[in-house]
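Worksheet: one structure, shown below.
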Amino acid sequence: MDNKEASSAQWAIETKGLAKLFGNKYALKDIDLGIRHGERLVVFGPNGAGKTTLIRSLSTLIKPSAGSVHVSGLDTRRNQARVRRKVGVVSHQTYLYGNLTVYENLKFYGRMYDVPDLEKRIQKVAGQVSLESRLHDRVATLSRGLQQRAAIARAVIHEPQIMLLDEPEVGLDPQAVIMMRDILDVFSSGECTVVMTTHNLERGLDLCEQIIILNTGKIVYRAEKSEIDRANFAEVYSHYTGISQ
Amino acid sequence: MNRKVVLRNNILLGLSLALMVAALYMVFIYVPTEKNMGVVQRIFYFHVPIAWVAFLAFFIVFVSSIMYLWKRDMKWDRYAHASAEVGIIFTTLVLITGSIWAKPVWGIWWTWDARLTASLVLWLIYVAYLLLRNYASEQAQGARIAAVLGIIGFIDVPIVALAINIWRTQHPPALIFEGGLGMPGLFTLLVSIAAFTLLFVVLVSYGIILKNQQEEISHLKDVHSEEGG
Amino acid sequence: MKGMWFKVFTIFWKDTVAELRTKEIITSVLVFAVLVLVIFSFAFDPEAGTMGLVGPGVLWVSFTFAGVLGLNRIFGVEMENSCLEGLKLCPVERNIIFWGKMASSFTFMLAVEIIITPIFLVLFNLPFFMPRLLLIVMLATAGFASVGTLFSALSMNTKARDILLPILFLPIVVPVIIAGVEATALALEGKSWGDMSVWLQIIVASDIIYFVVATLVFDFVIEE
């Protein structure tokens, strides 16, 4: 077991033959991924390709129907609590309680994640997303852009080593997107591993080192950023998904 | 469809038919008329077996629900579903035969006696179970939450029966059925129970076959639509 | 161990803070409960001296239906912004989520019942026997809370969540309702604990069984 865990531990995220069945349909099939610590992967694909299912499989929200998912060497089927401590998720849903203040939301999640020195941590994270002035306002009173920033704060309160972002910029105006991207850069630099799904080819290519394109649940294209000709990428995408951008 | 399965079902059907004919003969002709209630009392020989089967059906729902949550094999879900569908029919019959019996004997269509009331609550739990399946957003989730209800419902039934029983002894009903059955009566009852149990098995078997076929059809449709594009 | 209970409390704390701020659950449930009492007074002539007979039933109908309304919101609040997913991502055992939400259900329902009961006693000119009624109500509410919280979670993901909850909940808690009504009737007549004991035993037995079974199956309800 030691050898297996040691070899798994070199990957921040590793999936082998990951598949997910909903009823009779495969939402994901034959997904093999290896993401190293600190590496950033972007997942492109049209609606219904399985991007959200993939993120949810990595975050332990979904159990694989077949194959395996290992996060930091831990099997997501068995070590769910431990995996959850290492993972932070930002989705287009904020996971925030509208009637609670930003502070109360952060305090709640902080307690659920056993964050030490919670008060200090809340202040720090609020500063990092520039929400100190709105910290004691109810989340429902914040604009969508600010709510997404608060969602990021919530996602990182427990200092996760892996961040999973599922189309985080959906519904945000361009300025909010820029701000969010800057914040994410702060959090995801260094040893933090990032997996992000997005529709936006430019943004995705900016962020990552590894790319995959998902279509109908399967990986139809994978490459390192260095191998890609950015100018032509839209055509490549079209070719593999049948959708022009 | 498997030839062995077809053969088995045909045999079961034949046997069930034969037993049912025997039971009908015994109930209407063989067994002597009861002194107190007269001819109506013969309903007892239907009412009791049907009530037994209704309960048996729920027990099968319970076991299948546990098996589904344990093994996650959809076949257990189909067993539970088919059993519940037949079970609710039998429970409805319990209520109806109970009513038919009550009217000439007690002069009222419905009586809140312990057995009938408990059967009514069982009926309501069945209804909730079937409705729940209908309203689930997708199949695997529907199977899962139905299984949860199947387990809770079954565990709850004895508590319901107990509570209603005590409730009714505080407020005694108009008449309680008394008197022994005698040998012919007992024999008739047993034959009737056997006949209805077999009928239950046949109905559930056909129900499962139907669901298997529905499963296959929807699977074929999915495959076809993916290929056809 | 300590960590576990602290997290149960944290969930309860979160619900309470939100509720105290908006009072959305308690107000609507309270108003509905009073309405039920009033409508029943039209159904049964309140002056005819029958109130001693139908009173307990009326009270428990009010609690039950108003309770269902509240239970809908218990997991209803988790559906906004997909907060339930946020909860599922926390590194906690699922029963902690269940117990936390159950604590919230129990507290909110009890708060409403404590307010409604004196109103009921006054409206229907019944004797003021608070202490015993309180115990009966607390015990029965515990049963409602466990089954109700489970079914609240269960019905959340279905297409007809609001109507499904009462259909699931009411048949299952029949024993608690019957026992609650009978015990309340005896309490209002001034009978002793001994007279009520069989009903109290039913409520307690139901509470324990519901709690254990619900805790065991909750996992299956919210996972995917």
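Residue numbering begins at 1 within each chain, and the chains themselves are lettered A, B and C in the order written.
Here is the rule we use: contacts are C-beta pairs under 8 Å (C-beta built on N, C-alpha and C of every residue); 3 or more make two chains touch, one makes a residue touch a chain.
Model, not experiment: these values are computed from the prediction.
Q: Of the other chains, whose C-alpha centre is the longest way from the centre of chain C?
A: A
Q: By the contact definition above, name the pair with the higher C-beta contact count: A-B or A-C.
A: A-C
Q: Between chain B and chain C, what distance separates the C-alpha centroids? Give it in angstrom.
A: Chain B and chain C have C-alpha centres separated by 31 Å.
Q: At what distance in angstrom does the C-alpha mean of chain B lie from that of chain A?
A: Inter-chain centre distance comes to 50 Å.
Q: Based only on mean CA positions, could you tell me how far chain A sits from chain C in angstrom?
A: So the centroids are 39 Å from each other.
Q: Hey, what residues on chain C touch two or more of the other chains?
A: 224
Q: Considering the complex alone, what residue numbers of chain A touch chain B?
A: 22-25
Q: Which of the residues in chain B come into contact with chain C in the complex?
A: Touch residues, chain B against chain C: 69, 121, 124-125, 127-128, 131-132, 135-137, 141, 144-145, 147-149, 151-153, 155-156, 159-160, 162-164, 166-167, 170.
Q: Can you name the residues of chain C that touch chain B in the complex?
A: Residues 147, 150, 154, 157-160, 164, 167-168, 170-172, 174-175, 178-179, 182, 198-199, 202, 205-206, 209, 213-214, 217, 220-221, 224.
Q: Using the touch definition up top, name the residues of chain A that touch chain C in the complex.
A: Interface residues on chain A, with respect to chain C: 56, 59-63, 80-82, 84-85, 87, 89, 91, 93-100, 104, 108-109, 111-114, 138, 154.
Q: Please give the residue numbers of chain C that touch chain A in the complex, ascending.
A: Residue positions touching the partner: 3, 6-7, 10, 13-14, 17-18, 21-22, 77, 80-83, 85-93, 223-224.
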